[in-house]
Amino acid sequence: MWLEINNLHKKFGAEPVLGDLSFRLAERQMLSILGRSGCGKTTLLKIIAGLETPDAGVIKIAGKVINNVSAHRRNIVYIYQEPLLFPHLNVFENVAFGLRLRKIQNPTIESKVLEMLEALELNEQARKMPHQLSGGQRQRVAFGRALIISPQMLLLDEPFGALDTETRAVMQVLLKKIMQTHPITAIFVTHDLKEAIIMGDAIGMMEKGKLDIYPDKKTFIEHNEHVKNEINFWQNL
Amino acid sequence: MHVIAKYSYLTLFILLAGVPLLAGLGYALLYSLGLTGVLNEGFTIVHWYKSLINRSLWQSLGFSFYIAFITMSIAIGLALWAVVRQGEAFRSGYLSFLIYLPLTLPATVIGFYSFQLLAKSGLLSRLGFQAGLLNDLADFPVLVNDSWGVGIIFTHICMATPFLIILFTNLYHNENLKSFAALAQTLGARAPQVIWRVIIPVLLQKSFATLVLYFVFVMSSYEIPLLLGSQSRQMISVFTIEKLQRFNLQDIPQAYAISVLYGMLLIILVIKLLGRNK
Amino acid sequence: MSKYLFKIILSIIILLPFAVLAVLSLGRNWAFPAVLPAVFTFDNWRVLLLAQSDLSQSLALSLFISIVIATAVTIASFFTSKFISFSPWRRRWLLIAYFPYMFAPVILAACLQYYFLRLGWAGSAGGVMLAQLFIAYPFGVIIFTGFWNERLHNMEQLVATLGGNAWQTYTRVLLPVAKGALLICFFQTFLISWFEYGLTRLIGVGKIQTLTLKVFQYVNEANVFYAALASILLAVPPIVLLWLNKRYVFVNFN
């Protein structure tokens, strides 16, 4: 498997957050992780991104241990619930940010960014500042800024959590479409059951620092009481 | 690299913020106990005893408290009145810039200005004379270097009021008081009730820590009472420094005892204050 | 009271001190009961043009001290407050910052004067600057603690995952985002140093004559016209900084 996580442990003070967590993920697959707040999802993502260090455990990508590689060399982008656009840069420069860090030539940046803005339906907004955008537009800029550097992996921490239901549905479709054209290995964390089913190729349930993975939607539904109750509710209406 | 930077900055902070205060208070404590300084007579609590039974110390503390209390009461009243009545004027337009202007004048300059305005031969007195209200210099009331601290209070009010207007205006906006006022109205509050039961309590509660800090700032002030105070009633900073600079050597350890006492009072106040607010 | 009248009266009250000081700085011979000085002249101001004059030397010295203090404090407290804000002992660190800020500077100076005399630092510009750092630096740290919040911490981590190293994180994101806070800190700490009287007098032992001390000296000498002139000079740099702040800080964050 492409991503291998083996026996991850993490404590904050005396509080265990991750306890002996292991899982695998194939390349170009999207894993949805469902869990309540405080179940350790964010800590898991931050450890994979290199923003937190695990107390024990090994993280391998394509067979190589990456535990000691620092965050800015991992080429794994972490996307927050808040878009966190840079307030001093306009939309174009926000998307171009990662390319500027890599000292890419101006004409290349220009064409790549315009192409990305096109794909995200943001071409009209290129010169706007972040505070002039709607919530959905801001999150699209955040995606563009992440995808443009072709990361080897994308970590999405409740990326649509702050959006209204309608925008959320539009964004889910858009992200799904982009993932089909630029397939990237990704982990998508959410506490919304429907979203987890829509987005993930595989689905995981996280509880009290443990993660159970179901290889496909069918097994997930079969093994999950909560999902069954939900389906029954709609069928019995 | 990051860790080295972190510890160097924190060390710098301790060296420049923590150590001087401790060193200063430590020296003052040793001096007041007779363990160092010109007298260096060996351990004694006589200076502490003398300071604590000295009436003028308590008068000076009381006078400082009185000045701060009157100043803050009047300045808070004026600022609340201005913000409640004319709040919008400070958010846009020329007043939103002008209201900052008084903050560009140091205490020394505002004190000097008050003196030129309020002294017996000052501007007000001259205007009164020209208007035929006064016939003689002696008719003008004593407003500076007076024993009630009128000049000191006036000067502090000049400094505090614009500062408080800016503070309350920002709070009014940040705490979204307009919506709260509208909400209170839908619950049946009349206009004065909205002001007295919603706007003013919220403004005072949210600014409590800053108001206490400003109170202490007025109590500790030095330049203004030095310029506009009287010999008979001195504020605590003037009282302490004057005692330190007297020729009588016995006064110096007492002045240091007062410094330590004052420092301790402030330390207790900070801990109480920061303990209260997050 | 009508809004219009309120604005007019308040503007007059605010501008009056500046007008009085300006008139006095141009005056000579102001005998009671005249409302205005008998003679108006630029003679007082001409003193400034003489490089050797006390006043122009004080002005230069004050500018030097305050600019150095404000620059050093802004840089140091920007980083210091970052480490303090994200420290688990944040509250305890902040207590240390609040003490010198609340303690009367003149009493602090009286307690520290002994050390400065023993070390031979009293009466020198360096000694005065060091002493001013003791009160300006904690204040700078307090100013920045509101700036370093969780959101900014996340933004910093985001830059790392996008491939930015520490240098790029500061130069391309943190410093530009902090522009407003940096200006405010510079402004405030400049003012602390620029206005400081008691501590500067005690540590400078009369040898370091900043402009604020000069005003006091003229007042004590009953030299009203020079005192007014020095007062105006004292107000100019803060007004310039205020204008810069209004122009560059408030506009960007609306």
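List of remarks:
The first chain written gets the first letter, and so on, giving A, B and C; residue counts start at 1 in each chain.
Criterion: contacts are C-beta pairs under 8 Å (C-beta built on N, C-alpha and C of every residue); 3 or more make two chains touch, one makes a residue touch a chain.
Because the structure is predicted, anything quoted here is derived from the model rather than measured.
Chain-to-chain contact here is organised linearly: an open path runs through the chains from one end to the other. Every chain gets a centre from its CA atoms, and the centre nearest the mean of all protein CA atoms is that of C.
One simple way to say how far apart two chains are is to compare their mean CA positions; for subunit A and subunit C this gives 47 Å. Chain centres here are Cα averages; for subunit A and subunit B they lie 53 Å apart. Subunit B and subunit C have Cα centroids lying 18 Å from one another. Interface residues of subunit A facing subunit C in the complex, by the touch rule stated above, are 46, 49-51, 70-78, 80, 82, 84, 86-88, 97-98, 100-102, 145-146, 149, 155. Within the complex formed with subunit B, the subunit C residues making contact are 1, 3, 6-7, 10-11, 14-15, 17-18, 20-21, 24, 32-35, 76, 79-80, 83-84, 91, 93-100, 102-108, 110-112, 114-115, 133-134, 137-138, 141, 166, 191, 194-195, 197-198, 202, 212, 215-216, 219, 224, 227-228, 231, 234-235, 238-239, 242, 246. Residues 1-2, 5-6, 9-10, 12-14, 16-18, 20-21, 23-25, 27-28, 82, 85-86, 89, 93-95, 97-110, 112-113, 115-117, 121, 123, 125-127, 129-130, 137, 158, 162, 213, 216-217, 220-223, 227, 236-237, 240-241, 244, 255-256, 259, 262-263, 266-267, 269-271, 274 of subunit B touch subunit C in their complex. Taken together, the subunit C residues at the contact with subunit A in this complex read 151, 154-155, 157-165, 168, 172-173, 176-177, 179, 252.
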